[in-house]
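What follows is a pair of complexes built around subunit A, which joins subunit B in one and subunit C in the other.
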Partner chain A sequence: MQILINQRPIHCTSHDTLDSVLNVFAQGSGVDINDIAVAADNTVIPRSQWATYALTANASFSVFVAVAGG
Partner chain B sequence: MLSIADTLFQSRLLTGSGKFASPTLMRDAIGASGSQLVTLALKRIEQGQTPDRTLSELRQLNVQLLPNTSGAKTAQDAVLAAKIGRDLLGTHWVKLEIHPDPRYLLPDPIETLKAAEELVQLGFVVLPYCSADPTLCLRLQEVGCHAVMPLGSPIGSNQGLQTRDFLRIIIEQCTVPVIVDAGIGAPSHAAEAFELGADAVLVNTAIACASDPIAMARAFRLTCDAAMLAREGRISSPALQARATSPLTSFLER
Partner chain C sequence: MLSDHDFLRYSRQIMLPLCGELGIKTLAKARVVVIGAGGLATVVAPYLVGAGVGYLRLCDDDIVSVSNLPRQWLYSPAHIGQQKVRVMAAQLKALQPAAQVEAIPEYADNSNLCRLMSGADLVLDCSDNMTTRQLVNAYAMDAGVALVSAAAIGLHAQAAAFQPSLCGPHGNHGCYRCLYPIDSQRAGNCQSEGVLGPMVGMAGCYQAALALRILLGDPNVPWSQLWRLDSTLGEHQLLRIQPDPSCSVCGHVSHSNASSDDSSIPNSGV
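This part shows the complex of A and B:
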């Protein structure tokens, strides 16, 4: 199946967890997995839920990092 | 000491991490400023974007991180941003800022008040960036904000305290700390804020865009310390007429 992370299509299987997909995404983006936050449908998915969060086809996630700002 | 939500800070200089030429320069300048509360922003990861090292550099300093909600155009956006900041940085403190107008970056008072109320109910320590409106600041205080952050002039404009007369009223009326944010372009502007009675100032552009940000950071640190010492010493009130500092005896006359 396919999901979207920051509008980018990601292929995954039903065995994948949000945790594992985010790990790959974070590595590919050059960021530490501990330095991201995730939201879906305008709701934050707490880090504690990543390992058990069920992925469904076409689900869309937004991944955020901290950046410089005033 | 500056006290916000029962947390004490020795430094009354808050700093922002934006606009520095490099993350290491940002770290060194903020280190030189002595600031203990430092803002950063949140951003969706873009494809092909170089990873931002702000967070890892700031973690090398002994500072408390204050995520902002910059980019939010509505209260709903801001509440989501605050929750993202909490999950990402493990802090329930947030600098609430909602400025939909990109030209002047002036805060939307209605959305800011709405978001502040909701965030306080969710348990956040809310520091709202707001216009220098005494009534709004009182309303923000009433809904439970732990400080108010009225602007001196538009963000990054270096115009100083264009709102000084209203800042004076805000400082007189508010019981929560008043942190003058935005527009402070020189250490003298920070000194003026403290002379008006402000509890703290937030400075970003004036340090980050200086030719020597580390020197400027030190200058702000020393100015803030000096201004607070001056407050302890109590500045004398001005008078229209001269007051002699030497004896007026006519010693040359016989």
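This part shows the complex of A and C:
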């Protein structure tokens, strides 16, 4: 199955969760998993739901890093 | 009735259906607390005072340094070494002598946030670090004071408004911590990662517009919606922030009884 993260295709299996996919994505992007947020359908997915969030084929996620400067 | 001078001064705002003459009076009575006196505040504060907000409380213990000058344009080389809140208060008084501007040379923390926020109609998070952002959110939610949080780093800007009475499992809106349940102090700050000045300006402008809309009672304020601008990709989003049932700030206590429950203010991890 394929999903999209920031418009880039990512391959995953039925065993993957949003949590596991984001871990791989964060490592590959050199960002700390603790510093990111993720949204689908213009809605932020709370971190506590990452582990149980069901991935469906062609789902599109927007991943971004927390911004705290000012 | 507004004076002829005020009518002239605010004529472009009075034309707006959102404001009108009544709006000018509403803004004159508004009390706004600004946490942080860096790049965001140097944009937000002049817009609010310029628009006629009657009272601003500026909170920061930082002094003006040469590395602030590219983007914190209320400060000039002559101010280096001076207390930011005092310089800013003087600049704001020059812009609008009728405004009351209180300069509090303190960093916001667990020991003073209750006092800093007392009497506020609105709190603006213009701070520069995640620890302070989490604290400001927790205290604003507990006190039931509306919050507008804005931030910038690199080529990124983000901002969102939060209304405590709408947040949590009963309200269907998330708070700042529902968005970022982060306690790490080094998450995205300008000192470690740099920032392009105009990104702070854009975040501050969006924050100022939200603040004025809230104070004027706009029924269409995008509560708990994260505005994010990524200038590296030219991308721009408005994302709904859902309540996280496990949020340590808004998840387990409803707003109506929050004020009687001091344990809802997290003291750990800060």
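Following the convention adopted for this analysis, the second predicted complex is superposed on the first by the 66 of 70 C-alpha atoms of A that agree within 3 Å, B and C clash if a C-alpha of one lies under 4 Å from a C-alpha of the other, contacts with A are read in each partner's own complex, and residues count from 1 in each chain.
Just so it is clear, contacts are C-beta pairs under 8 Å (C-beta built on N, C-alpha and C of every residue); 3 or more make two chains touch, one makes a residue touch a chain.
No experiment lies behind these values; they were computed from the predicted model shown.
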item	value
Touched partner set for A:N58, first subunit B, second subunit C, both or neither	neither
Touched partner set for A:R8, first subunit B, second subunit C, both or neither	first
Touched partner set for A:S29, first subunit B, second subunit C, both or neither	first
Subunit B versus subunit C as contact partner of A:V44, first or second or both or neither	both
First, second, both or neither for A:V67, with subunit B first and subunit C second	both
Footprint overlap on subunit A, comparing subunit B with subunit C	32, 35, 37, 39, 42-44, 46-47, 62, 64-70
Residue ranges of subunit C in contact with subunit A within the complex	36, 38-41, 125-130, 133, 150-153, 156-158, 174, 178-182, 184, 187-191, 193, 195, 200, 203, 226, 228, 230, 237-247
Interface residues, subunit B side, partner subunit A - complex	16-20, 23, 26, 39-47, 49-52, 54-56, 65, 67-68, 70, 76, 80, 83-89, 155-156, 202, 204-205
Subunit C-touching residues of subunit A, taken from the complex the two chains share	32, 34-35, 37, 39, 42-49, 62, 64-70
In the complex, subunit A residues that touch subunit B	6, 8, 29-32, 35-39, 42-44, 46-47, 62-70
